[in-house]
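Per-chain residue numbering starts at 1, and chain names A, B and C are given in the order in which the chains are listed.
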Amino acid sequence: MSLLEIQAVSVTFGGLAALKRVSFSLEEGEIVGLIGPNGAGKTTLFNCLSAFQAVSEGHLRFRGVSLETLSPHQVAALGVARTFQTSRIFKRMTVLDHLLVGRHLHQRTGLWAAIARPAWVAREEAEARERALRTLGLFEDRLLPRIHGLADTLSYANRRRLEIARALVAEPRLLLLDEPTAGMNPHESAGIVQLIKKIRDLGITVLLIEHDMKVIMGVSDRIVVLDHGEKIAEGLPEEIRQNEEVLQAYMGRRHGHA
Amino acid sequence: MPLYDFVPRRDNWYVWLPVLAALLLFPLLVRSEYILNIAVYAGIYIILTSSLNITNGYTGLFSFGHAAFYGIGAYTAAILATRLGLSFWLTLPLAGIVAGVFGAAIALPTLRLTGIFLALVTIGFQEITYLVTLNWISLTRGPMGIPGIPPPAIGGVALSGNLGYYYLILALDVIVLFLLSRIVTSRVGRAFVAIREDELAAQSAGIPTFRMKILSFVIATFFAGIAGAFFAHHARFVSADSFRLDETFVILTMLIVGGMGSLVGPVLGAVLLVVLPEASRFLAEYRGVVYGLILIGVILFRPEGIAGVPGIIQTWGALSREGAPSASEEPAA
Amino acid sequence: MLVPQLINGLTQGSLYALIAIGFVIIFGTMNLVTFAHGEVYMVGAFVGAFAMTLWHLPWFVALAMGMAAAWVLGFLIEKVAFRPLRTAGHMPPLLITIGLSIILKDLAVVLFGAENRPVPSIYEQTVRLAGVQVSVLQLVILGLAGFLFLVLHLLIQGTKIGRAMRATAQDHEAASAMGVNVNRVFSIAFSLASCLGGAAGVMIGIYYNAVYPTMGGTAGLKGFAACIFGGLTSIPGAILGGIIIGVVENLTVQFLASGYRDVVAFLVMVIVLVLRPQGLLGRKLKTV
């Protein structure tokens, strides 16, 4: 059984078919790149996987569990974490609190425990804090010194890193990264490539949407290509690089443009 | 450290302990019934603003019906005290529970709404509550209100004069603020703030946002009910007219002026706006004008109020009903 | 007893509709909400009442004065509350209108006292119309409301400013790019909405022979309820909502209990919001 199975998933809204019978799987430990021209449906697929978008047809299975009927927090509880294309951070929270929120699924403190504060609450907080610091350590000295600063004082690149950190600290099995290097310069993008490799070393499977071909080629074990909602290619990076259909898609010729 | 970050803890005792000591000594130095009465009202409003802060400030919900729960608590205490002879020590928690239950009942169908829709639906429920209270004469005596609510009794001795009420509300405020501080500095409080800042990101981090919003609402309405019970046993008379939209606006104004999203803000706002109109006869007569002008001034020149987290008001609620990151919302991928 | 109640409901409903249309115009054009509309209605009502009682002017002059006063007040509110905060989201202006509402209400209470202020009766005669006794006043109000609806319709559909308003309602930026002075449109829209509210105020004062400082609160909320029912962006919806609320209110008084009269509007509002927030005829709301 694959870690993630996407079976003939279609999404239509308002007469527009955003995804048409897309199928592929992810095995544990892989890094799979998801590419395609603008409007191909990549983020829509992510929204389906994280239960923000309903699937019109088809199945999504994570570790054998169907995702279509779940709500977003339930999908997260199964071990799926994601980042967003326009990074969604908690502007008025400190960096540390971001990560503590990321730890939400691994903590148990509810209303009564919050009020009564039995000893295990402090232990839980200490453990979460320790994990937070460890996760932030993956980013070298970019976020650790700013741990008590508000998130909206961070630079653009650091905000994207923070979003990834928040997803990582939840110890997901599958991490969905939506254009993590958008708006970054080549040096920062290279840092993200290293980061993704470190993430894989932690045992996390990664599905990565990217436009930056250097990043995709540098980090993916396999690549899936979408265009106009359909999967048009799947294979090893070298194969995709030479795939005629893929080239045509990017140059807009597949559907008779230009 | 910015004022809005202040949380009373063991290690910053030198900040709050003197204040507490001053508050304990205060009535022994100022033996005026009139001033103590104002202080008692400040104490009641501290609970009201602090509880509204949980939903509107920490969780970013646009609740505009707080006075209704204040009223439900007040009427619950009044009815239990005058019909069943229950003492203040029983009516207080029961009033909170009843208000909390009503809060849950109203929250369930309405918390899917956001922004102005949530505001309007909470106003609608508030007015319906008022009208039912006014018309259900067999339960509430309708427009005649419920008089004769007995004062709290400590060790068999009934309170008379504002001195006893002052210490009682002071103790109650300390307890309430302590409970609220425990809540907001915990995993629960962090979840509330995450929901306020970005509900979708909060969901993707595993927070069951709908459930948490209901929890936030119930906590707020519970404490509003507690404030209502205290009010009932202090004023010794309740009438439905005290618990309408006007009253919600007063509480909201105090909260905004004091500042949302912090523990200190609501306290400062309540004290300031209770005390200020009493400073002069002129101000007292034009209380509404004073409140309105201060509210407008704050919004125009310092929206975070005295000690609030900056930026909450500007991003408070959205004019849409759902907020899923649809493919059309993000630049096409 | 049914038909007279229906006519009563129709009359009141048409006045609720006038208030509701104000909200629709403001929300549709500016994407904003005002909580001071009820107080504008109240000010219009008081001006009309004073015109009739203090200066003994005929009712239609009082009406014109009330509408003019409301227009001016609306113009000022838009300048104070909405203009300076153009980019601050919709919450700060809303809160300012709350502040203004509190101020206006309090001033009215302090200046005029909280009790009802009488307004003289006009057109007390009744006529027999299709077998039913109808008061001439009701006919006058219905006629006036209908006239205002028609004028508004012609204004919005047929004039340059109306087109500008419609364009702005669709998309501020596009309208601005096409040369529409969006600021001026906002100002006119707000003043127009307020003017209609003032008209409703004067007529309610005449219909019930009384005005009082807190009359704006419930009336404003009922107007909101009617607006929500029809869909925040639909004028016909608002008219329909107002009339339905007016009629159901009167049927409630007739067949249930008079004390629960006001519950109707709030029940309508709550039910619509919970089941179908965009109302009957409104378009799905855009994200801000």
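Criterion: contacts are C-beta pairs under 8 Å (C-beta built on N, C-alpha and C of every residue); 3 or more make two chains touch, one makes a residue touch a chain.
It should be emphasised that the depicted structure is a prediction, and the values quoted were computed from it without experimental measurement.
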item: Centrality ranking, top chain (CA atoms only); value: B
item: Label of the chain whose CA centroid is most distant from the centroid of subunit C; value: A
item: Gap in Å, rounded to a whole number, between the CA centres of subunit C and subunit B; value: 31
item: Separation of subunit A from subunit B, taking each centre as the mean of its C-alpha atoms, in whole Å; value: 40
item: Centre-to-centre distance between subunit C and subunit A (centres being mean Cα positions), rounded to whole Å; value: 50
item: Touch list for subunit B against partner subunit C, complex; value: 109-110, 113, 115-117, 120-121, 123-125, 127-128, 131-132, 134-135, 142, 244-246, 249, 252-253, 256, 285-289, 291-293, 295-296, 299-300, 303, 313-321, 323, 329
item: In the complex with subunit B, residue positions of subunit A that touch it; value: 13, 18, 36, 38-44, 47, 50, 52-53, 71-73, 76-77, 81-82, 84-86, 88-93, 97, 100-102, 104-105, 107, 109-111, 113-115, 117, 121, 124, 163, 166-167, 170, 178-179, 209
item: Contact set on subunit C toward subunit B in their complex; value: 31, 33, 80, 84-85, 88-92, 94-96, 98-103, 105-107, 109-110, 217-218, 221, 224-225, 228, 257, 259-260, 262-263, 266-267, 269-270, 273-274, 277-278, 284-288
item: Contact footprint of subunit A on subunit B as seen in their complex; value: 179, 182-183, 186-191, 193-194, 197-198, 200-209, 215, 219, 261, 309-312, 324-327, 330-333
